[in-house]
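Heads up, the next two complexes both have chain A, just with different partners, chain B and then chain C.
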Partner chain A sequence: MSAATVTKRVASRIPHRIKLNLQAIVGRAYPRIIGANREPSWIFFEAVLPLLGIAAYVFIYQAIGDRAVAAILQATSTAPWGMCGDHACANAAEQAAYLSATQANVNALIGSVVLGGTMIAFWLNVLWSMASQLYWEKEIGNLQLYMMAPMSRMALLGGMAIGGMFMTSVRAVTTLVVGVLVFSVVLQLTNPLLLLAVFFVTLIALYGMGMMLASLYLLYGREAWNLSSLLEEPIFFTSGFYFPAGGFASPQFGGLGRAILTFATFIPATLGLDAMRQLIFPGAWGGKFWIFSPDVEFGILILLAVAFLILARSALAYLEMLARREGRLTSRHQ
Partner chain B sequence: MYWRTFKWAAWLGWEMDSNWTEPALFLLYSVIKPIAGAFILVLMYLVFAAIGNFRDPAMFSFIYVGNAFFIFVGSTLFGTFQVIQSDREWYQTIRYIYVSPISYYTYIVGRAASKVAVAALAVVITIAFGAAFLDVGLHIDAGEVPMFLVTLVLGLFCLISIGICLAGISFLTARHTHGLAEGIPGIFYVFCGVLFPLTTLPAWAADFGRAIPLTYWFDITRRLLLPANNIDTGLSFFNDAEILALLLASSLAFFILSVLIFKGAEYLARKAGKIDMLTSY
Partner chain C sequence: MPVAIETRDLVRIFKPPRKLLRRKKNPDRNGEPEGPVTALDHVTTQIREGELFGLLGPNGAGKTTLIKILCTLLLPTTGQAWVAGYDVAKDPFPIREKINMVSGGETSGYGLLTARENIWMFSQFYGVPSKVAKDRIDELMHTFGLWDKRDAKVRTLSSGQRQKMNMIRGFVTDPEILFLDEPTLGLDVNASRVIRDYVKDWARKRKGKTVLLTTHYMMEADQLCDRIAIIDHGRILACDTPENLKRGIRKDTTFRLEVDTFGNTETFRGMRGVKNFSSTNDIAKNTTSLTFILEDEAAVSDILSAIQAQGSRVHYLQKSEPTLEDVFISMVGRGLE
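Moving on, here comes the complex of A and B:
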């Protein structure tokens, strides 16, 4: 058979392969877009319950803020105009300015918690419905069916990611809207287009990371469950879901804080959240807790998105081969 | 019979939880999560302090100790009510255990024991770390240690009872364990004054919190471990003995409730043929 014939035959298969993989993407996304919304219990479990966690952190800032306000307003013999931080207020004007600044800071922190709590839905979806998904599929016996099917594994992961993004966005937007209304968060949107761009690039980078982790998890048994569980609170902490992550760069944390921040910037949620907070609460906290400007963070997020997608493809090919060789693809309850 | 059931169920729970890796790595995994959770609160406090030059060590200790003891809540509840789901759907062994001559109630308590033990270790490490490195102001009077131990036992007893109630319900539900695992502790997290005083909540929410026994457990635990402070917890009108009495009464009430709910749900599940149903978790 001549080279030209082979090339022609391969080329003739391309439309078929594209169609097949698009069908695989749609097929895998379908249960997450349509199927997951058929059971209305998601409204309670995935939109209302996350508000409880958010509420707890909101009330922490509220409680500390209330005590700070009480300290500002409490007149004593040594501080007739109350305390302005670590010193006595000089006069009523300073007291009023300090009170106003404290209330604005509390509002921005509460808004940060609502935004961070909303983004947690995406991180949890990446962990449990992307990274761990192939492990679940192995446990219930679907993985071998996927492996025998002729479509690309990337199409399978892509479908999972698209479906997961849509499903989680519906839930997250519900949580965000209710959170903003319930906790009376005042938003100051400055650049809506950049905000949307940052949000979507953050999602692509996050789900690219999830696709990469999914391939790593192919090798795992119960370690997968424990690893995903381990990547919850420590990542909430390092990525600053409930506080501005730029706080790690404060002098009081020294080199360790900067090291944590450097590690955290490889998790797309860190820079995504920081950029979104800057765009929604411009000037909050005197701007002293921002990591980079939103433009720079947007650029880094694009790089992360591309890098994770490329890494996901390479890792999937390598680890699938390794899992086949070690006979771990179909072993359940390891 | 009950002791043997408890003992072997506890051993089984420990093996299922830990034998996927080396013991040292398992312990590391077990304490990293709660310590990271505590660090979130530390950073929240420090960021607030840095923004407003406002330091409030009493409030920080209040938050830190409450959060440390909340580790028991998540672990104990999840350890208790996930048993039915995992045996029924995941390992599909519930029918064999259920027909064996044991008390299934005791079996569930035994299975939760390993999670309670690991949680206890995480609590001790978190508290010790806070006292050693974060200036959490602990103040433990030797004379109050027995009372602290009594409240700890009552708190865990109450938690296990609540967990058994939920386990009974999960006989009848499909795959909602993870939702319950997040939701029920989430309710306690917000309404029981774990991280902030009840006075921060709206009045209706504070009243709801006062109806939950764990609120009193957290309050008396902090009274016994922390020095006196000026935080208005919303429970100041009760003295220690009254709080302890409320905790004892509500723990007993929840124990009776757990037996009733568990037996009732078990009966309904058997009647409907749901004991070993599969819902493709």
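Moving on, here comes the complex of A and C:
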């Protein structure tokens, strides 16, 4: 067969392959979009319970804010208009401005926690329903059937990711709306279009990372569970789910803080959260705790998304080659 | 007739996983490190298009390894295999569009989905148009007697119902070649019959459909298969129609005996006139069933003497026509169970 004939044959199959892979994405997303919302218990476990974790941080920040406000409002003989930080307020106008800025900062902190708590749902979904998923699929016997099917392996991961994004978005939006209402967070959207773009690119980068981890986890077998556990709390901390991560760059944390921040920027949630917080609470903390500007963070997130998707494709191809060569990885109990 | 599946000198060796600091010890080998295992040893065979081909062999004979290679899940160590004209090592994707596989005891699928949704999901991975898939699923659910359970969540299905669902998953993509790896394993008589009848019908009535079936049940292989290959220790010992295989040992005589539980069957090994034998103990009845393939009928008296010498009582003795099981015992030297 000539090269031209082969090229023509391959080209004629492209529409068929596209249709097949789109169908496969829909098929694999279906259990997460339909199946996972079938039992209403998720509303309690996945939307209401996370609010308790958020509430703990909100109350702490609220208490700190109340003390700061009390210090501003408390008149003493040396500070008749209260304290504006580490110095006495010069007059009523400075006191009022300082009070307003403090209340805005407390609102931004509480809002940051609500937003971070909402994004935790996505991170947990990436860890437990993306990264660990292929391992689980192997254990229940699905992976072998997936590997035998003619669809692209990226369609399988893509379906898992789209299903996961949809499923988690439903939960996250519920948590966000309830959190904003219950904790009376005031949002100041400056650039809704960029905010949406940052949100979606963050999700693509996050799930791209999950797709990459899915293949790597499979290589580690049962230790995958421990990896997922390991990547929970430390990442909540380093990525700043409950506080602005830019704080790590403050001088008091020295080199260690900068090292943590550098590591954290490889987790898409870090930059995504930072950019979204900047776009929802502009001017909070005098801009001291932001990592980069939202535009720069958006650009880095696009690069991360592309890089993770390419790495996911390579990792999956390597995994499949290894599975076929060694006869394990895709089969149960092996 | 065109060839659907062909293997030439197929070898598959499993090497133990490499560990950096230690090698896994094998308790069966006095703690010696595990060595490579030859699962397939120069397997050469051809399965014609439209054929219902059986693969009979004990556990560990290499049946599943062969199926996995043909399903493109595993690469051969050496040798070649072609499915639907494509090389399994070089062209897996065109093969995957033409095949499907169902294994016995499968637990695939998602518990939160209904049986119907679950099968539909798998059909989408093969590009079956949604409407066509749904129509086929409904038809197959009626055929397999699963219609009442169409909207039941998968996790609520019994193992028999689940296996029927798996079978429907295999047929819904209308594959050219279907691999069935012990599809009736652990099923009750009725469920097994429904599955067997459908497989037979599907292969007979639809032109060009090929089935490769592995089974532990001799009756199933005898009833369904056009040809059967007997495989043991990774080698194909014989391959022919069930009739020809049975005819091959017709010059031998088959005797079946039931005796009081009998421990030392090694007495019969090498006994003059005994070609091969198998034994099964029934703990509940406290009996042993023995099947002998005899080259010389006169050996029966030596067998009976050996049994009586050990104080065991003969409950019955029967001379019978050779079955596929006898062919198997004659070749492998033991029964399947």
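Side notes on the structure shown:
Definition applied: the second predicted complex is superposed on the first by the 286 of 334 C-alpha atoms of A that agree within 3 Å, B and C clash if a C-alpha of one lies under 4 Å from a C-alpha of the other, contacts with A are read in each partner's own complex, and residues count from 1 in each chain.
Everything that follows uses one rule, which is that a residue touches a chain if its C-beta (ideal position, glycine included) is under 8 Å from a C-beta of that chain, and two chains touch if they have at least 3 such contacts.
Note that the coordinates shown come from a computational prediction; the quantities given were computed from them, not determined experimentally.
In the superposed model, A:105 makes contact with chain B only, not with chain C. Of the two partner chains placed around the shared chain by superposition, chain B is the only one that A:289 touches, whereas chain C remains out of contact. Touch criterion not met for A:189: it reaches neither chain B nor chain C.
Using the contact criterion defined above for the overlaid structures, shared-chain residue A:328 touches chain C, although it does not reach chain B. In the superposed model, A:229 lies in contact with chain B only, and not with chain C.
Of the two partner chains, chain B and chain C are each touched by A:140. Once the two complexes are overlaid on the shared chain, A:36 sits against chain C while remaining clear of chain B. By the touch criterion stated above, A:71 is placed in contact with chain B alone, chain C being left untouched.
Of the two partner chains, chain C is the only one touched by A:24; chain B is not. After superposition on the shared chain, chain A has more residues touched by B, the comparison being chain B against chain C. Annotation: chain A residues 140 touch chain B in one complex and chain C in the other.
If you check the complex, the residues on chain A that touch chain B are 41, 44-46, 49-50, 52-53, 55-57, 59-68, 71, 84-86, 101-102, 105, 109, 139-140, 221-223, 226, 229-230, 232-234, 236-237, 240-244, 247-248, 250, 252, 285-286, 289, 333-334. Across the interface of their complex, chain A is touched by residues 12, 14-15, 17, 65, 68, 71-75, 93, 96-97, 99-101, 106-110, 112-113, 117, 120-127, 130 of chain C.
Taken together, the chain A residues at the contact with chain C in this complex read 16, 19-20, 23-24, 26-28, 30-31, 34-36, 38-39, 140-142, 144-151, 156, 323-328, 330-331.
Residue ranges of chain B in contact with chain A, taken from their complex: 20-21, 29, 32-34, 36-37, 39-41, 43-48, 50-56, 59, 63, 90-91, 176, 179, 182-183, 186-187, 189-190, 194-197, 200-201, 280-281.
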